[in-house]
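Common to both upcoming complexes is chain A, partnered first by chain B, then by chain C.
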Partner chain A sequence: MRKEVPLIVTFIAGAGIMAGFFLQAPLVKVSLSANLLNWAVIISAFALALGAGNLTRLHGLNLSRRGKNWALSGLLLLGLWGFFLLGLVKGPTYSSYTYIFNAVLVPGSATVMALNGFYIISACYRTFRMRSWQATLMVLTAVVVALGRVGIGQAMWPALGPISDWINRYPNASAMRGIVIGAALGTVSLGIRVILGIERGHLGAEGG
Partner chain B sequence: MLNKGTTAILVFFVIYGLIAWVGVRRMRQGRHVPIRRLPGLDAVDEAVGRATELGRPFMAVVSQPTPYMNDEVIAGIEVVRYAARTAAKYEASFVAIASGADSFAVLQDSVRAAFSGEGKPDLYREDMVRFIGGYSMVVYGPAVIALMEELKIAADLLTGYLGFQTLMLAEAGASLGAIQIGATKQTAQLPFIAASCDYTLMGEELYATAAYISRDPVSVGFLVAQEFGKCLCCIVVVVGVLLSTFGGAELIKLLER
Partner chain C sequence: MKPSLSFAERLGRIDVRVIHFLVALLILLPLIRPVGLPTQISEGTQKAYDTFDALPPGSTILIDYSIGAACAPELEPQATAWMHHLMAKRTKIVLTFVYSAEGPIFAQKMLDTVAKEYNYEYGKEIVMTPYRAGQETALAAIARDFQGVFPQDYYGADSSTLPLMQEIQDINDFALVAHLANFGPDIYVRQIGAPYGVPIVCGTTGVCSPLAQAYFASGQIQGLVAALGGAAEYEVLVGKPGPAAAMMDAQSSTHLFAVILVVLCNISYFLTRKSGQAGQGR
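For the complex of A and B:
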């Protein structure tokens, strides 16, 4: 039963949601498909408790043993449980709760995202070596597209903008769409295997 | 009876299912189908071997930025499972990171089973699989980078639903001299993993893992169906382009029914 029950649940959930996509019957679309999707979100929220438990155990052990960076482990646990309890007791619309979110998480996120620009430069410096004609073509294309996207490039040569657009709209888009079609077929294949119980990777140990 | 616009999709599904069924039957009858080399998967052995030589860990990172495991995460876990089995075989240090709670639970079970399957359950430790960051990539990325630098990884595998943090993780791994394998179908991230990682599994290659590693008839049969599906899509695209070029919109109307 330990193997069969998850497979039956997977089949009912997968087939139900697919039926909701194809069929017009309100019973399937509204009752089964929509409810299953809502239940999936609720179950995922419960699964978060497992993740929080793992974090608490690892960092709690580090804190109690005064291991490496134990103070940061303490700070993590304080942030995790303090913020959670504040939201639980006072609600997510409480002024302090939203202030902490807006003052800490939002600027922190923006900072991390802003770092990506420097990582791109570092990756390009490491990778773009014109050792072959293909690499040379790639570097030249990258230069044209990058310059065509900014004002200085178009000021140097107005045609860079339309050339950059053309490269993005035709060769680049067609290549990406080819990859997307291949990946979509892989997704369909995996989905059918999961629904029919052939692929059991999502069950953890049972899939091995 | 059917929703508008889904008839063509249903017909495609039925055709795809039939091809898969025929493919599986032919494979079970003993027919051999060559699968081209996937350097990204072959590199897992090399990466784990390097980790063993250097005595430094192999890190597998499964990215899940949404509250449910999607197809990429499931396919990524398959690759991580293979890496864990290889690590168990070579007795290499292994760490797996999950950013989603669902994938964390599945990963924990999978890695434990991988070590047990290789006859080395005593090598598995609970802290081998870690949950970091929840669904926020901005929290997850820097935390994984910090862990990479703390552990001084020898190799890493970046998989799952990769987001903008991919480049940051790949650059951090490159600065440590790690062998890196990137596996995703996200077209926005493909250029970054192609530039930063030593080996890649792009798009459909990620979904061929089960067939490539196990060569079992069912997985190979579905892989054959995938290839036929691609041929079918190419034919539809070419016919559609020709019809549209010469003024016919019949195919488009047919596909929109």
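For the complex of A and C:
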């Protein structure tokens, strides 16, 4: 029964939601499919709580044992629970709550993201060498798109904008579409295997 | 004693610290003193503008305002420009937050500024729903059973007391769905566009725009505002020059610098290749 019950639950959940896409009967579309989706949203919220609990356990242990970077663990716990409690007690529209978010989290996250720009530019310099015709094609495309998307490039040569748009719209879109369709076919086949109980990785070691 | 480097070798070995310093300088200077470079409107931004503009007066739309802290510099200017356009037309707006729990804080900022400028009435013309975990699953649930997923708004008010919320049962009650997120439009196409046929407009970051282009090219999304450039273009279209236009000067200078570096490293590569010294920069 330890194997069968999760397999039956998986089948009902997967097949029920899929049926909701194809059948208009209220019993399937509303009672089964819509309710299953609403349950999934609630379960996802529990997953967030589980993540917070796991973070607390890991970093709490590291802090209590004075492990590697224990001070950072302390800072993480202070941020996690301090921000959570402030929001819980005072509400998410409380001025100090939004101030901490706007003055610490927003510039901090944006800074980390912005660092990518520095690394991308130095990486371009180190790697964009025209060693072969394929590399030459990539370098030329990158140059046209990089300049075509900004004002300075469009001021230098107005045709750069439309050429950049064309590259995005046709060669890029066709390649991305191939990747997306390939990934979708893989997802569909994996989904069918999970629903039918052929693929049992989600049940853990005992399910296989 | 180390042999001295030739000019060609030096071109290919510019210290990474020098590059990073120059990048920082090229970002800062245009921000302090913007040049005001011209902006060409891309097809995706123009189509997004036209789609919003074609909405009949009093239409209700859903905007998934999934702006996170990391992508806020790219998405917030887009959101502000959109809101100026939509609020000038008195479009009714329902805000959801599928991909970012941080989204409500940015939406609140928008309510306190842009919505106030247009005297938008909360509950009748605009409503903010709470964040729902589950990402794609949450979006599917919102599309199928809007009232069931949101019995209350973000502030805890019962949805039955909000006139705008009472108008909506499921996704078919929206004239359009737009999203602002550091994700491509794939989940919105899968869960809303394809099964319900509701038009979609996408606002996304630079890194996600190549994926989004595939959906725009195929006509599965009606408009695409991509990255800071898209935000600057939208600001031009609505006639409200804002932060994106100023930041685009900084992006222009760094893009040009990147191209110059690529040219330099290739000059070095071809010159040193002849003498068999072609190597890596540091």
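Criterion: the second predicted complex is superposed on the first by the 176 of 208 C-alpha atoms of A that agree within 3 Å, B and C clash if a C-alpha of one lies under 4 Å from a C-alpha of the other, contacts with A are read in each partner's own complex, and residues count from 1 in each chain.
Operating definition for what follows: contacts are C-beta pairs under 8 Å (C-beta built on N, C-alpha and C of every residue); 3 or more make two chains touch, one makes a residue touch a chain.
Since this is a predicted model, take the numbers as computed values, not measurements.
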item	value
Touched partner set for A:152, first chain B, second chain C, both or neither	second
Contacts of A:67 with chain B and chain C, given as first, second, both or neither	neither
Which superposed partner A:122 touches (first chain B, second chain C, both, neither)	both
Touched partner set for A:188, first chain B, second chain C, both or neither	first
Contacts of A:112 with chain B and chain C, given as first, second, both or neither	both
Touched partner set for A:23, first chain B, second chain C, both or neither	first
Touching partner for A:55 - first (chain B), second (chain C), both, neither	first
Touching partner for A:82 - first (chain B), second (chain C), both, neither	neither
Partner chain in contact with A:168 - chain B first, chain C second, else both or neither	second
Chain A positions touched by chain B in one structure and by chain C in the second	21, 40-41, 44-45, 47-48, 105, 108-109, 112-113, 120, 122, 124, 126, 128, 176, 180
For the chain B and chain A complex, residues of the former touching the latter	1-3, 6, 9-10, 13, 16-17, 20, 67-69, 71, 74-75, 77-78, 81, 98, 100-102, 104-110, 112-114, 117, 126-127, 129-132, 134, 136, 138-139, 141-142, 150, 164-165, 167-168, 170-171, 174, 185, 187, 190, 192, 195-196, 202-204, 206-208, 210, 218-219, 222-223, 225-226, 229-230, 233
Contact footprint of chain C on chain A as seen in their complex	17, 20-21, 29-30, 33-34, 37-38, 40-41, 43-45, 47-48, 92-93, 98, 101-102, 105-106, 108-110, 112-114, 117-118, 120-122, 124-126, 128-131, 139, 142-143, 146-147, 149-155, 158, 161, 165, 168-170, 172-174, 176-177, 180
Of chain A, residues touching chain B in the complex	21-25, 40-41, 44-45, 47-52, 54-55, 57-58, 68, 105, 108-109, 112-113, 115-116, 119-120, 122-124, 126-128, 176, 179-183, 185-194, 198-199, 201-205, 207-208
Residues of chain C that touch chain A when the two form their complex	14, 16, 19-20, 23-24, 27, 37-40, 42-43, 68-73, 102, 104-105, 108-109, 132-135, 137-138, 140-141, 144-145, 148-149, 155, 186, 195, 209-211, 213-214, 216-218, 227, 229, 248-249, 251-259, 261-262, 264-266, 269-270, 280-282
